[in-house]
Amino acid sequence: MPQIEVGILGATGAVGQRFIELLTAHPWFNVTWLGASERSAGKAFRDATAWRLPAALPDDVARLVVEQAAPGNAPKVVFSGLDSSVAGDIEKAFADAGHLVISNAKNYRMDETVPLMIPEINAEHLTLLDRQQAAHGWKGRIVTNPNCSVIALTLALAPLRQFGLKSVMVTTLQAISGAGYPGVASWDILGNIIPYIGGGEEEKVETETKKILGCLSGNRVEPHPIVISAQTTRVGVQNGHTGSISVGFEHAPDAGAILDAWRTFKGRPQELDLPSAPPNPIVYLTEQNRPQPALDANRDNGMTVTIGRLRPCPVLDFKFIALGHNTIRGAAGVAILNAELMHREGLL
Amino acid sequence: MPQIEVGILGATGAVGQRFIELLTAHPWFNVTWLGASERSAGKAFRDATAWRLPAALPDDVARLVVEQAAPGNAPKVVFSGLDSSVAGDIEKAFADAGHLVISNAKNYRMDETVPLMIPEINAEHLTLLDRQQAAHGWKGRIVTNPNCSVIALTLALAPLRQFGLKSVMVTTLQAISGAGYPGVASWDILGNIIPYIGGGEEEKVETETKKILGCLSGNRVEPHPIVISAQTTRVGVQNGHTGSISVGFEHAPDAGAILDAWRTFKGRPQELDLPSAPPNPIVYLTEQNRPQPALDANRDNGMTVTIGRLRPCPVLDFKFIALGHNTIRGAAGVAILNAELMHREGLL
Amino acid sequence: MPQIEVGILGATGAVGQRFIELLTAHPWFNVTWLGASERSAGKAFRDATAWRLPAALPDDVARLVVEQAAPGNAPKVVFSGLDSSVAGDIEKAFADAGHLVISNAKNYRMDETVPLMIPEINAEHLTLLDRQQAAHGWKGRIVTNPNCSVIALTLALAPLRQFGLKSVMVTTLQAISGAGYPGVASWDILGNIIPYIGGGEEEKVETETKKILGCLSGNRVEPHPIVISAQTTRVGVQNGHTGSISVGFEHAPDAGAILDAWRTFKGRPQELDLPSAPPNPIVYLTEQNRPQPALDANRDNGMTVTIGRLRPCPVLDFKFIALGHNTIRGAAGVAILNAELMHREGLL
Amino acid sequence: MPQIEVGILGATGAVGQRFIELLTAHPWFNVTWLGASERSAGKAFRDATAWRLPAALPDDVARLVVEQAAPGNAPKVVFSGLDSSVAGDIEKAFADAGHLVISNAKNYRMDETVPLMIPEINAEHLTLLDRQQAAHGWKGRIVTNPNCSVIALTLALAPLRQFGLKSVMVTTLQAISGAGYPGVASWDILGNIIPYIGGGEEEKVETETKKILGCLSGNRVEPHPIVISAQTTRVGVQNGHTGSISVGFEHAPDAGAILDAWRTFKGRPQELDLPSAPPNPIVYLTEQNRPQPALDANRDNGMTVTIGRLRPCPVLDFKFIALGHNTIRGAAGVAILNAELMHREGLL
């Protein structure tokens, strides 16, 4: 069984901790290096940060001494959970130095030589890497995954491309863990809703979705022509971003065809039986009041997107609810799935 | 100063308690009669139910002996906060017996001789009453207000009718008080979202809005032709229903014209300076993260709808957020405003 | 591997669902029978109730047809998650008919021939069963576990009996799942605290604890002489009852001796390596802000009680915080542990 | 009507905003000066911070230009809502310069020449001021109020001093607003409890209570000899600290005598009919599930402490629940009451 050493950039943060949790007992990857800010460097991980997940912090990771987030002696493969305020420079430094950076940060997502991956949807976008090194002068590479608010929507839309996606409207109800730690103040969100998420959240939904759903055309990704309108809100939920979605088609199918498309949808991760791949990336729930974050976000270790309530939309064609775990399927989990895919495709 | 005796049907329920609170110290109306189920009848109100609002229960109401919800010695004007499972028969009995029922229940809202009122929008719909008694053979009358999920949307749309409302999509994030008491189980909603509200909530949004915005035409209301699509969800908020709204127009105005339309909007309640009328039914908030239920739902004693985040919508024309207090502006408060309007129009 | 058929009384309720979840894939017990109210009888379990736990409902249980809660063709061993309003008669009927009832209900807990068990503490109380059948004229038997609010406190105290427990004060902060379903209305608990729990919760803490900690003396349990004062409150937490505890001793030890007593505490379930036994019934957490229900209640599948913040108490001797999962360690899980113990002791 | 100009130190913080809210339309005090950190200085208050209270920010305060927190042209009387990390130096600078600082910060509370006031309890402690200027060499003075967790407990105990207070145990369930803004991360508290509050919260309860209840003896305060044990926890409540309290007496009265003592308790603020004084500082609620923060914290504009559930305690003598609004009665409101008292006593 291959044991591939990996590092984690931004190890003390919300996504960093989720990387550690998900890589505990991973069959292929072994966390041997943790990078964080100067403030944490030099301390045992256990002392550098408070562990904030219910699952126990594994002892071997707890004892790792955190290093500064610079290439040096980091392993070749590093996962990045860095905040976007620092990810630009640090990830570039790692790519320059020959590392493969599998990043959850937004900084390079829209770079036209950087794959923006949900591997069930666009595994073939990895071919963008062919021209990345030349374009940037890097010895290494960067691969990214989308913003957490994008995942459930995009996975729900991908199987429907066959019907001619024309337009989509989504209102998201996003969990507080999506804002990292300390993130949202309890003063602001207890018993409340905040109808705004900073950092260009709505723009990310509108641009990233189009790139992920786009076609490769001569080594470039042609963004999908779908018109997208997003309203993103914050709600008092710990984990799980919900989307209230309406979609319009060029050739509107009937509801049965949509359900079939979702139920039969699989991608490269399922073909290759990757360790983190759920059996079905999408599960449709027939109860009229589902999906719900508290009940459904953790399905299949948080890697399955659940959908429910498909019904006609008087304005567009159909409406439905979709839900995904924002720090697993929407961040650390999908990044690990990207790494697993690259390993099996011989790209590590 | 006129002192008009009024009764409250369903006095022990969530909306009934709000009626009591809002009528305490009302300049015109004096609560002298409380009707509820057999289980409560014969008890002092204080002993018939637990008072569940932060404002203190007034002593004089606390001492009233609850009567069964039947005409008998009730005052001529009764407010109804009855549950729809019983409102149909009971309100009919009161109308038969010559009472004016100002009702929050859904049972008669879509009856074509019953006004469905937001008095700033459609005060003239009261003329439907002219043919109500003949049509039903009642000695009294019934006037209704819309479902709590409808109010913020409909008030936001009303001033925009001049631009040719074509289509609207709304996702609501509704407070738990909208489900009455005991209503939503904490097991279901703590740290969660329920993407479904029973009792035909989405249909109500789609049908009631069209009636309220409709034009009188020869003593009938012609429903507004706008196409409406609603997704209604329940969130862990005590009071205040939020709507994430997109709207399409026949003749799309610019954003400034929409803001002007909202800011200058007033109706009969403002003209008549009714006691429960807010100075402006709509207030636009310029902060980018507003309105929020915890901060804005109680504005002007819960009678003002707040709107924010107006911006272009890539799919329809504009999108924005609107918020209203569901048990005040969306239930007891608007019913009282209806009664005040009728008093000043000589219809009590 | 033995496969023992078991039934569940009150299968549709909050504790009943937890029994089903915990018995899925149990190495010894196989759920073949579900009993519930008349309303549910005759329906497939899937249709008889909404499944309200995040873990998926196993298909084989989903298909079981619910029967009325009467002996008839139920297996010999039945777990009871019945509400106390009906448990008295139904459990008696099962005991009369020769069944072994392993019950979470309060009705027979204080019966002097019924063991009230936390098996790490008082496994020897099973000898009460010797005279139970004669005393009641039953062909079968009843074994009980304590109220969910009692478990963390009693497990924390048990290892300290050696120091002469004199008095204890506890304020509990109890999760809403302890009230069953629908249980606590969200209207009452969202952003709130209810400083009262009905049904004699505080008395249960004071009486059950003394019985569990009591000594067998000539086939009777002599209640422990400790003086107990409890204040029980409800908080907006899904799972996990927290206790803020102060304890006074006859011979006050130093803190180190208390920590040692907790850390080395094991009981018959650990000796016998029972399937549901956690490695250590008590785990002391050294972080100054733990235990916390959201992070610690699920430790070791919810069977471990976590303790923290041991420090001197100016009024009694020491104070600390203890936490246990109320529907697992405090209800279904401890009942299953009781059954496992009885199986290994040859008492099934 | 006297118009006394006052300033607010720490105006942008959680307590600072509450000062502004409570002083809007105050009959005696007029806010003309706001001091905050360098980052805010020079901006209109409206632009210096986000207003986070439901009540509207008054326009005249919104337009005030924030100044640096230094004496200069501040009015003679300043309220301080400063964080303790900076309050020590800044308040000293104001006292040096001749200002009267009415402070909510902890820094000078235990100074033996500084009154620590709940004016219904210890108005006479103002005589400590007689030797404050000489002791410190200040031209001005400092008066303080206690920590927010202390107020409900201490008000509940004060009327019981006549029975010989011997010992008290309290577990607090404290609202998140007590931690200021941004304060507690939602990640930490949503659906959770944190059984620890930093900054020496439990020590404050134990020491401040003894000083407030203490007797003046020759120009010094002799701390009350009561033995106090506190466990302080954080819960997901917006406003209102609840205490679960047991108390032991030298000469235990019966319950009726305790209720009488609470119901008849009044102090100098009531005698002088101060603008912010509630009619009764303590109100006993007879419902068995009260007080509750969501229903009772705002009673009498947040200035009344509510108590409930008085009953015997098996360990000490009596137990009960007490609740107070932490940022009003426990911070800004009590500070304003201190200022009102000093004005009427001729000490401004």
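First chain written, first letter: the chains are A, B, C and D, and each begins at residue 1.
The working rule: contacts are C-beta pairs under 8 Å (C-beta built on N, C-alpha and C of every residue); 3 or more make two chains touch, one makes a residue touch a chain.
This structure is a prediction, so every number in the text was calculated from the model and none was measured.
Peer 1: Give the chain pair, either A-D or A-B, that is connected by more C-beta contacts.
Peer 2: When A-D is set beside A-B, the one with more contacts is A-B.
Peer 1: Taking each chain's centre as the mean of its C-alpha atoms, give the chain farthest from chain D.
Peer 2: Farthest from chain D by mean C-alpha position: A.
Peer 1: Could you put a whole-Å number on the gap between the CA centroids of chain A and chain B?
Peer 2: Each chain reduced to its C-alpha mean, chain A and chain B end up 42 Å apart.
Peer 1: Measuring centre to centre with CA averages, how many angstrom lie between chain A and chain D?
Peer 2: Spacing between the chain centres: roughly 47 Å.
Peer 1: Could you list the positions in chain D whose residues touch two or more of the other chains?
Peer 2: In chain D, 52, 190-191, 236-238, 294-295 touch at least two other chains.
Peer 1: Which residues, counting only chain B, touch chain A once they are in their complex?
Peer 2: 167-169, 171, 173, 190-196, 206, 227-229, 231, 233, 235-238, 242, 244, 246, 248, 288-295, 308-309, 313-316, 319, 321
Peer 1: Within the complex, which stretch of chain D touches chain A?
Peer 2: Contact set of chain D toward chain A: 14, 52, 176-177, 181-191, 236-238.
Peer 1: Which residues, counting only chain A, touch chain C once they are in their complex?
Peer 2: 50, 52-54, 56, 190-191, 238, 287, 294-296, 298-299
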